[in-house]
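Shared between the two complexes below is chain A, which has chain B as its partner in the first and chain C in the second.
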Partner chain A sequence: MEVELDGGIEPLVGNYMTNRRKDIAALQEALDGADFGRIAALGHRMKGNGASFGFHRISELGVELEDAAMGEDASAVATALAALSDYVDNVKVVYR
Partner chain B sequence: MASTVLSGSDILVVDDDQDMRALLSDWLIRAGASVRTAQSGAEAIAELTLRSPDLVMTDLVMESMDGLRLVSEVHRLDPVLPVIMLSAHAGVQDAMRAAHLGVTAFLQKPLKPEDVVASAGAALAASGATGEGSDFAPHIVARSDAMRSLLERARLVARSDCSVLITGATGTGKEVLAQAIHTGGRRRDQALVTVNCSAIPEQLLESELFGHEKGAFTGATSRREGLFQAAHGGTLFLDEIGDMPLPLQAKLLRVLQDFNVRPVGATHPVPIDVRIVSATHHDLEAAVERREFREDLYYRLSVVPLHLADLNDRREDIVPLAERFLTEFAGPDGAGRKRLSPDARTRLAAANLPGNVRQLRNIIEQCTVLATTDVIPLELVDAALRNQPAGIQTFEEATRAFEYRYLLGVLRLANGNVSHAARLAGRNRTEFYKLLNRHELSPADFRDNASEES
Partner chain C sequence: MSRDINVLLVDDCPDFRALVRHYLRQNAPDVTLTDYDPEVQGLPADSFRWSRYDLLLLDYQLGDGGDGLSWLAELRDKDGFPPTVLVTAQGNEYVAVRALKLGAEDYIRKQDLTATRLVEVVREASRGRSPAAAAVPSVNKTTLQPGPEETVVRGINGYRMMRKIGAGTQSRIYLAERLSDDLQVALKIVAISAMDDEDVLRRFEREVNALERIASPHVVRLFDQAFADDCGYIAMEHLPGGDLRERMDGQFDEDVAVDWMRQLLQGLAVIHSAGVIHRDLKPTNVLFRGADTLVIADFGISRPIDTDTEHTTEGMLLGTPAYMSPEQCLGDSVDARSDLYSAGVMFVEMLTGLRPFRGRSVAAILHQHVHEPIPRLDATLAHQQPFVDALLSKQRADRPATAGEALELMQASVH
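For the complex of A and B:
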């Protein structure tokens, strides 16, 4: 799992990943509380920021989270959340 | 990506996502801009109040105040400040609404740095361009500071699709300004459709604006397209909007929210793409307070308000306007063009002209006709000023004008069918024919091929 990013934004990426970890915790909490509105909002935000940074997979998972939350589909949210967690833990960033 | 394309510009970035604020700032700073950020609409307004930036770049979906509301607030503070809207999910309607609110560009997330910088550069170039005023409305006389600054604002708003409300007393040239805004914008090659909301009877206005289906009501013998559809792709000029009846104001508001029109009797709405320019001589804010005009509609229409000052308050324009009219009333090659004597000119420049540009035009026309030499003497101007107290129609003239416009509306609605038209007007056929004869109107002129009277 490797992603190549613009070297100019390197100082921002550490913070970006920290915020996604916070999102993962917030998503888990929202899932436990069946707060689908919160999940949709977090998914929507990742849909916009992921690929803008160069993390296209995060945008894809943002879409999945938003769609699953709109349909109040807890199991689909859990699947997307697990995939997001796995991606954030394992992605390797290379700067060009 | 280091460049200086945005060098010297001050950009306010508004997004409730801290990562997007950081990323956008990074891209813009590397392109030479100076960047301020705000994490909410309220914070952005506070920043704007402190110091106006050259450009605002805002997210659409934000908690508490969304991007569209922020644009309205921004333009209340500075009507010509360019705004770029960003969104991870934008429907066509959002984009349309944004365009009508004066948004310069709409960028879809995920964003690319080159698109963001190019868009910002284009918006800054368009708003900061100077010295282009001369090609905007060259036919409008603007010697006074009041008119010059008004035309500058009009020139800038003409380039956007935002809704403009022109206010000013009767005869100040509201329709001329509306035409200039249409001609100065990207819709210039499409139609400019004008509707005088006070001239069309209330019961006809809805079908005039939105159209109707065949059989929608008595007299609707064929389907008819409304003025909104006729203006599709172009501009709809709603003159005398202050006279629009309240029930219709609600329907107009719905159209401006959804950009769909529903012809009378139709089951499906029709999408429309029009720019709205409206005008009134009424004080609409006072009308809103008296609950005669809907507040929500007022805000939709007056994204950018433009006020035409009375001619008495911009006297520098009087003589240049008089000169313009003298040329207009001369022959095609300028033959027989009259001149004002120096004292006639001084008299005009100091005259009380409550009827505004229209009154001045009438005076010059009268003087041109009556002058026996090439020079218009003071006495003629004095006499014309006495004969033109305020450019107000007599009661008889006003009644006749109303009757004429009313008959036009009814005949149009009835497709020239006299029986239907008479019924709509609550008159018998004989009386109705008398009215038509008095105004030299022919029902045949209002028939289309699909609905000939059999």
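For the complex of A and C:
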């Protein structure tokens, strides 16, 4: 999977991905504790920051996490979390 | 001597705050940004000095810190409270309307944020509060006094205003909802006072006349037009898919460029058949309906073909230098072939990512349009060269006579 980003934000992208990895750990912890409020908040935050950086897939997964958490659907949260983890581990960034 | 524009950003997301800071540092060095983390700092105390800021960028959902709209309702009457722009990931028009009703100047969706859009919003919203912002000559204040905003505050009968989505020197464009059927429209408003300038009035009438005569999937649709108490307005199709400029960061696949050029020429064929010349074709005037349907918009300086035998307005060049035909550069009369030249410039830009004629000054660009040879395309695009050469011919007699002829010529160039 590949995403094309504005070269102007290259200095920020490393830190951005590090923060998503921290989010993944926080989401797993929240899922283990059935803390759906925390999951919804993290999902919502990703919805906003993903697209603003150009990571539209992260925004989509943020929406899925937020929706799943609002419905207290642990299975759907787990699915979205796995997809997020896969994306963060494998996305290739190219700059235009 | 102007001072900096001071902006306060209230947002619970550190990554978003970093992005805004980066964009402003790179593109608006006169803007000083102060971060405010609502989760850590909570609602500002009564003693908070709002007057230090020219603009507040306020997130809608503040994490554990609460709700931006509640903050706005609670804080907006504080002494020195600055103009506010709501920033949200929600993308919800209801939120936008609530924000505007609470006095927000504007509303940005995070997914729409670019450096250009951010700087534009900061300058526009802080105008009047900050001398630095007021000094930016992007709006002609003499022709906008009194501006259409006064009308907008009261609204246009039959429409519910939602948010500003564009501005020109004599007009403002708002996203609005038609009350009779909730249809979202782009409402272009020109103040009657601006129409005291005959040229502004003529342009308004031309735009209406042009749109009334044209029906094409590749031309923006007109729904309504009228004069209200102190303004004229045009209700047009709202096209939220962005413009061609936004998609021109780099070159496209040739197939995409050819497809979009075909749609552009199909739109031009209809426009010209209706007896109208656009005269200002450029990527920002080409919008998208949905993902891939290209739509020609902004007929503000268009003219009927049969009245365009004279020179352009005395001493004025109308159009955008990078896309102007040689005859426009020279102030000569224009015809349909002038629009084809502009389309040719856009086609080269789509194919290569670069405009064929670039320069450090307007004069240099105009000179190139008139005198410089047409640039050669790379070998991989050489089969498109005859088509490009035809469209960019210095003499209009050497260009295709119609958009239909240009379409045929393009078809012959597809390998």
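In this section, the second predicted complex is superposed on the first by the 96 of 96 C-alpha atoms of A that agree within 3 Å, B and C clash if a C-alpha of one lies under 4 Å from a C-alpha of the other, contacts with A are read in each partner's own complex, and residues count from 1 in each chain.
The rule is simple: a contact is a pair of C-beta atoms (placed from the backbone, for glycine too) under 8 Å apart; a residue touches a chain by one contact, two chains touch by 3 or more.
The model shown is predicted, which means the values in this text are computed figures rather than measured ones.
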item	value
Partner chain(s) touched by A:96 [first = chain B, second = chain C, both, neither]	second
Partner chain in contact with A:49 - chain B first, chain C second, else both or neither	both
First (chain B), second (chain C), both or neither touched by A:82	neither
Set of chain A residues, in rising order, touched by both chain B and chain C	6, 8-9, 12, 15-16, 19, 44-45, 47-49, 51-53, 56, 59
In the complex, chain B residues that touch chain A	1, 17-20, 22-23, 26, 30, 59, 61, 86-89, 109-113
Chain A residues touching chain B - in the complex, by the definition given at the top	6, 8-9, 12, 15-16, 19, 44-45, 47-53, 56, 59
Interface residues, chain C side, partner chain A - complex	12-16, 18-19, 22-23, 26, 59, 61, 63-64, 88-89, 110-111, 113-115, 249-250
Partner chain C, residues of chain A touching it in the complex	6, 8-9, 11-12, 15-16, 19, 41, 44-45, 47-49, 51-53, 56, 59, 96
